[in-house]
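A short write-up of the structure that comes next.
All chains are identified by letter, namely A, B, C, D, E and F, in their written order; residue positions are counted from 1 within each chain.
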Amino acid sequence: MTETPKPPAAAVLDALKNVSTATLTTQLFKRGFRNTFLTGLAPVNAEAAHFAAPAYTLRYIPAREDVAVPDVWADHEYPQRKAIESAPEGCALVIDSMGDVRSGSVGDILIKRLQVRGVAALITDGALRDTPAIHAMNYPAFCAGAAAPASVATLYAADLQVPIACAGVAIFPGDIMVGDAEGVVVVPRRLADEVARDAGEQERFERFVHERIEQGHSTFGTYPPNDETLAAYETWSEKE
Amino acid sequence: MTETPKPPAAAVLDALKNVSTATLTTQLFKRGFRNTFLTGLAPVNAEAAHFAAPAYTLRYIPAREDVAVPDVWADHEYPQRKAIESAPEGCALVIDSMGDVRSGSVGDILIKRLQVRGVAALITDGALRDTPAIHAMNYPAFCAGAAAPASVATLYAADLQVPIACAGVAIFPGDIMVGDAEGVVVVPRRLADEVARDAGEQERFERFVHERIEQGHSTFGTYPPNDETLAAYETWSEKE
Amino acid sequence: MTETPKPPAAAVLDALKNVSTATLTTQLFKRGFRNTFLTGLAPVNAEAAHFAAPAYTLRYIPAREDVAVPDVWADHEYPQRKAIESAPEGCALVIDSMGDVRSGSVGDILIKRLQVRGVAALITDGALRDTPAIHAMNYPAFCAGAAAPASVATLYAADLQVPIACAGVAIFPGDIMVGDAEGVVVVPRRLADEVARDAGEQERFERFVHERIEQGHSTFGTYPPNDETLAAYETWSEKE
Amino acid sequence: MTETPKPPAAAVLDALKNVSTATLTTQLFKRGFRNTFLTGLAPVNAEAAHFAAPAYTLRYIPAREDVAVPDVWADHEYPQRKAIESAPEGCALVIDSMGDVRSGSVGDILIKRLQVRGVAALITDGALRDTPAIHAMNYPAFCAGAAAPASVATLYAADLQVPIACAGVAIFPGDIMVGDAEGVVVVPRRLADEVARDAGEQERFERFVHERIEQGHSTFGTYPPNDETLAAYETWSEKE
Amino acid sequence: MTETPKPPAAAVLDALKNVSTATLTTQLFKRGFRNTFLTGLAPVNAEAAHFAAPAYTLRYIPAREDVAVPDVWADHEYPQRKAIESAPEGCALVIDSMGDVRSGSVGDILIKRLQVRGVAALITDGALRDTPAIHAMNYPAFCAGAAAPASVATLYAADLQVPIACAGVAIFPGDIMVGDAEGVVVVPRRLADEVARDAGEQERFERFVHERIEQGHSTFGTYPPNDETLAAYETWSEKE
Amino acid sequence: MTETPKPPAAAVLDALKNVSTATLTTQLFKRGFRNTFLTGLAPVNAEAAHFAAPAYTLRYIPAREDVAVPDVWADHEYPQRKAIESAPEGCALVIDSMGDVRSGSVGDILIKRLQVRGVAALITDGALRDTPAIHAMNYPAFCAGAAAPASVATLYAADLQVPIACAGVAIFPGDIMVGDAEGVVVVPRRLADEVARDAGEQERFERFVHERIEQGHSTFGTYPPNDETLAAYETWSEKE
């Protein structure tokens, strides 16, 4: 396993947090990446969806009756429990639940602990339990559904900090996860700086495009822009 | 390809817009149609779901790496972009995305242009991107999910104004699409007038039934009605 | 078919209604039950989700063109219609729709009648129709989706009060259904009393745990508790 | 529950057994039935697929840990075991397994007993276990897959001789099941006689069509036939 | 719609027919194409699977009760029937059935006509009907399943010779379809010549690799080859 | 990660190889395990399906464009390639492909190398490529489908010898995999000895039951046996 890379500068994370996941997927598409959005995940609370943070990963396999038992909860080395206490402040805990939505990957008590410890977000491609309580926490938590049963009903934690699949997308520890009300995108670690920079510029241009469309301009020539539109953008930029 | 039929009279569209999709499927079922509701689609904003409009269709196929590239966005003949500028005022743009929810069929800028141009609604059996911004537009937009990536990540536009599949239902150009907070139904063009008429009468009767049920009447004899109920309805109708 | 068992005491139903479905699945897991949560169902109105009631069951099979016709609606022995008038006050009507979300298992008029008659809740693993109107009723109604078409479009009612599958879970008539904003769990009838008792105690302890976590305690030693935490809990309990 | 209807005459069953399931679905389609083929089922042994027999039905629900235990196997009233000894000679045992292919609906010993008792066929929309041994039996057994675990691993038998769903199709006790190497179709009981008669005539005409097509005729005018083709068919019929 | 391109030279088609679909996907992957294999399709008869031919496309949408009726079979302009008589000799008829396996895209009589007319292959991402008879024809026919009902039960033919989706892959008219016992791959038309050339060389090298592996060489250094292996290959090539 | 356990004695593996997977799932069910069969996998060649061997595991995640490139094939530390050369003689290579059947987990050259090296079997819950060539090898290879593309088209190898999911079942390195024409079952390592012993006795008894059933005995009293049947079995056992 390769070393987990150093997180990007705070300013980069800040810039990523302030653009939309739609903008980020466009930047990644331009760099050859077609599969970076975690399809089908939604924030438990859409008002608390914005975050950008390096991935700390947890991996589940299917439960087996002899090992997936409540006793594991007392084992400080059991990866699910260890994740809650070892995920670094500022990271996003990302869980590979194999898309299993029959049980909750974690519940409100563990998420509360993540929140207290300063972990920035929780993402699973399975379900969460205690979702009404999680909704009230104003915490960025993303999942594929709500399910009351504890994880051991169908899942067993196998690993921490290994490359995982989450909602059909590859996540390597240290990759940058970014969320908004639309969902979650992963930005490969080595691209974080340049994507953050270009995403900001893209959103600035698209604000201008929105104005032009509202003024009644055709999308032809505006989006993507022709020379005339680019000149108008230059003027607009100077004024802004 | 047969000619696209003329739209119904404005009064017919108005009547269709003012009944529920549930009522319309009942009228269509009585005429032998079991499969007219676009299963699994929801409005981005339930407050902005009511519309009735003739279908203008766009068809996607899967993306292929040599043709599904950002350059197509500048091609005014590319069907996705052409659709935005050529869909007639008052129609509903209906998109066959083959149920692919991994990318957004369209995003907020193109939908804003549709809104400015007076296109009545946007329906896709795929996902939409920029859904938080679309939610804020108060525009009838229906989809099967939210996905940040641009359409070219997984889709390529192939055709305009051909018969399509949308959410498992056949849509012919000119068929009447009707939406409410429950979803979208298609009314075959040639049935629009009679369905509009009978749907209004059905809803009037069901308002009476609701009153009776609230008063404590059994559903037996009330829904469907026996002679006594029909007589009471006649009296009720006169008073109303 | 075995007799439907007597409902539990009102105090037991009350206790079950006042705990979360998450708590109940934990109690059931401890007794060897891994599959008691009805995965994928959600309340139409999350504000009106809490209930606990014995199951009264209705079973659908696929529609066949010669029998699934509007005429059945006038047949008082047709199980769907009979269910509405025969489900006892205080029970929950639970419908096996085989997960078919293409049509509504029932609609607003029938649910209004259930509400008037004092039936406590309506649960289907299919869709409901007229969901905007149902939302306005403040009634515990759970489903896997919204679909405008009447049930006969794809479903035919075959049976009342037999063991059914609902969302992948076995439901026997008389089992106790419990709902909250997260979804619905089934408590096997013979376990209702002991589960109600232990669930209350579990929630009391978890309120204490929440306080500890908010105070900054590690989950290690707190959840599950070590001797020190248990002692603190004893003190806390005495004060409360 | 309505009475199970009397089986058709042996000659009718014989006629049905000697036409293809494709022919039968065409006859049923002409009578308004679009959904009579059990999609996705295949014979364990394609050489032993032909049969026609009235349906005797068994219905499963999901297993629950307290009742789905090996002890049920000794209970002569447990519907799965009762089915094996009570299904009448000459019938087809049709099982609603809710499409669950994780365990075998039945295995080789029970199917051997059905074969010894003269039961004509076994159909499940779940899996079968011991499929290598069943293949060797030359018995018409149809399923959606092979799975080693016994049924109790995921299924619990709930009912005998009730209307069921099998592979998405409604089956009423006494309906006529017909199989060939392509799969299984259900013929509603009251249509058996007329469908048997017309299916024979259809196949006779299609043998003629095959000859014509092999001779190089266009499908236009041949299939469906124009007057010239019908005249040629008359001549052909006389010779045959 | 762009013009359908000219077919490649017979020698190119011959070369493509004589390599495996596995080899072709590798050649296409090296040129940037990740999605060219029609996942989930199998030949009805594995002994009759090899072919290479330009695509002639047919597109279905869902059936609607007023248009999907047996009468369409007599309409020479109905795209399904027109396809059978207009698909050019030497092409492959490729059908977009939207993955619907509930009815047969075509049956034995129409496929017999294709065979008589010299059409090289038939591919659908739906089902075929009369599969036992088709198996006996020794004709390259690929499908996702077997289903007895005629296409009109669930499908309606909408178009000929337009870009389609087939098993999740984009197919443009004139693209080269190649089949073997593993399944079907599409080679974009403009790449046919170079892929045919390089695929032959790849298979030649892999024959050498197979020999080396059978002799006990490690895959390390052999596959992919290091300099020593390449030298050995050169020697081997001279001898062959 | 815990140490991989020592393999069982050769006699135990032999005993396991000589019973059916159906028998083994029954033995495991009796010990509380409901989920040990790898649903949906089939041998490429049913004549070469029998094996019993300890699991050596390989884990895939989804491909990402920057790392899933042909260059990895030359990297001797890339887990897919390392697995082929490091899986011990006599083990079974078990691959977690996340159920992705769009590309082949491995192809004929790598499987040939496994066969030469004495690896006992290859199991994936994805697809295999070059299946016609693999069929000819008479090697126990199990998969969920056939797909021509190389794994890098959709998969990236992440790990060796960690606990994995395969076809919905937990597999720990060293667990005993057993295959036959029905599919593959996993026997937890610590149960191998006792399961091997009891499975042999179970099959002996079931041979007797088969004889009884063929003689016309009812399943009641025979399977499961009553005292009379047990006495007859004792006599039968002495004679055998």
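Here is the rule we go by: contacts are C-beta pairs under 8 Å (C-beta built on N, C-alpha and C of every residue); 3 or more make two chains touch, one makes a residue touch a chain.
Every value quoted in this text rests on a predicted model; they were computed, and no experiment measured them.
Shared contact partners of chain E and chain F, listed by label, are D. Shared contact partners of chain A and chain D, listed by label: C, F. Within the contact network of the assembly, the step distance from chain C to chain F comes to 2. By residue number, the contact pairs of E-F overlap by more than half with those of exactly one pair in C-D, D-E or B-E, and this pair is D-E.
By the residue-number overlap criterion, the interface of chain C with chain D counts as same, with over half of its numbers used by both chains. When each chain is reduced to the average of its Cα atoms, F sits farthest from chain B. With centres set at the average Cα position, the gap from chain B to chain F is 49 Å. Averaging C-alpha coordinates per chain places the centre of chain D 32 Å away from that of chain F.
Between chain A and chain E, the centres computed from C-alpha atoms are 39 Å apart. Residue numbers of chain E whose C-beta contacts span two or more other chains: 34-35, 63, 168. Pairs of chains meeting the touch criterion are A-B, A-C, A-F, B-C, B-E, C-D, D-E, D-F, E-F. Residue ranges of chain D in contact with chain E, taken from their complex: 20-22, 24-26, 29-30, 34-37, 39-40, 42, 46, 168, 180-183, 185, 206, 209-210, 213-214, 216, 218-220, 223-224. Residue ranges of chain A in contact with chain C, taken from their complex: 63, 70, 73-74, 76, 81, 84-85, 101-104, 107-110, 112-113, 116, 129-132, 145-150, 152-154.
Across the complex, chain A is touched by residues 32-35, 61-67, 98, 156, 158-159, 162-165, 168-171, 188 of chain F.
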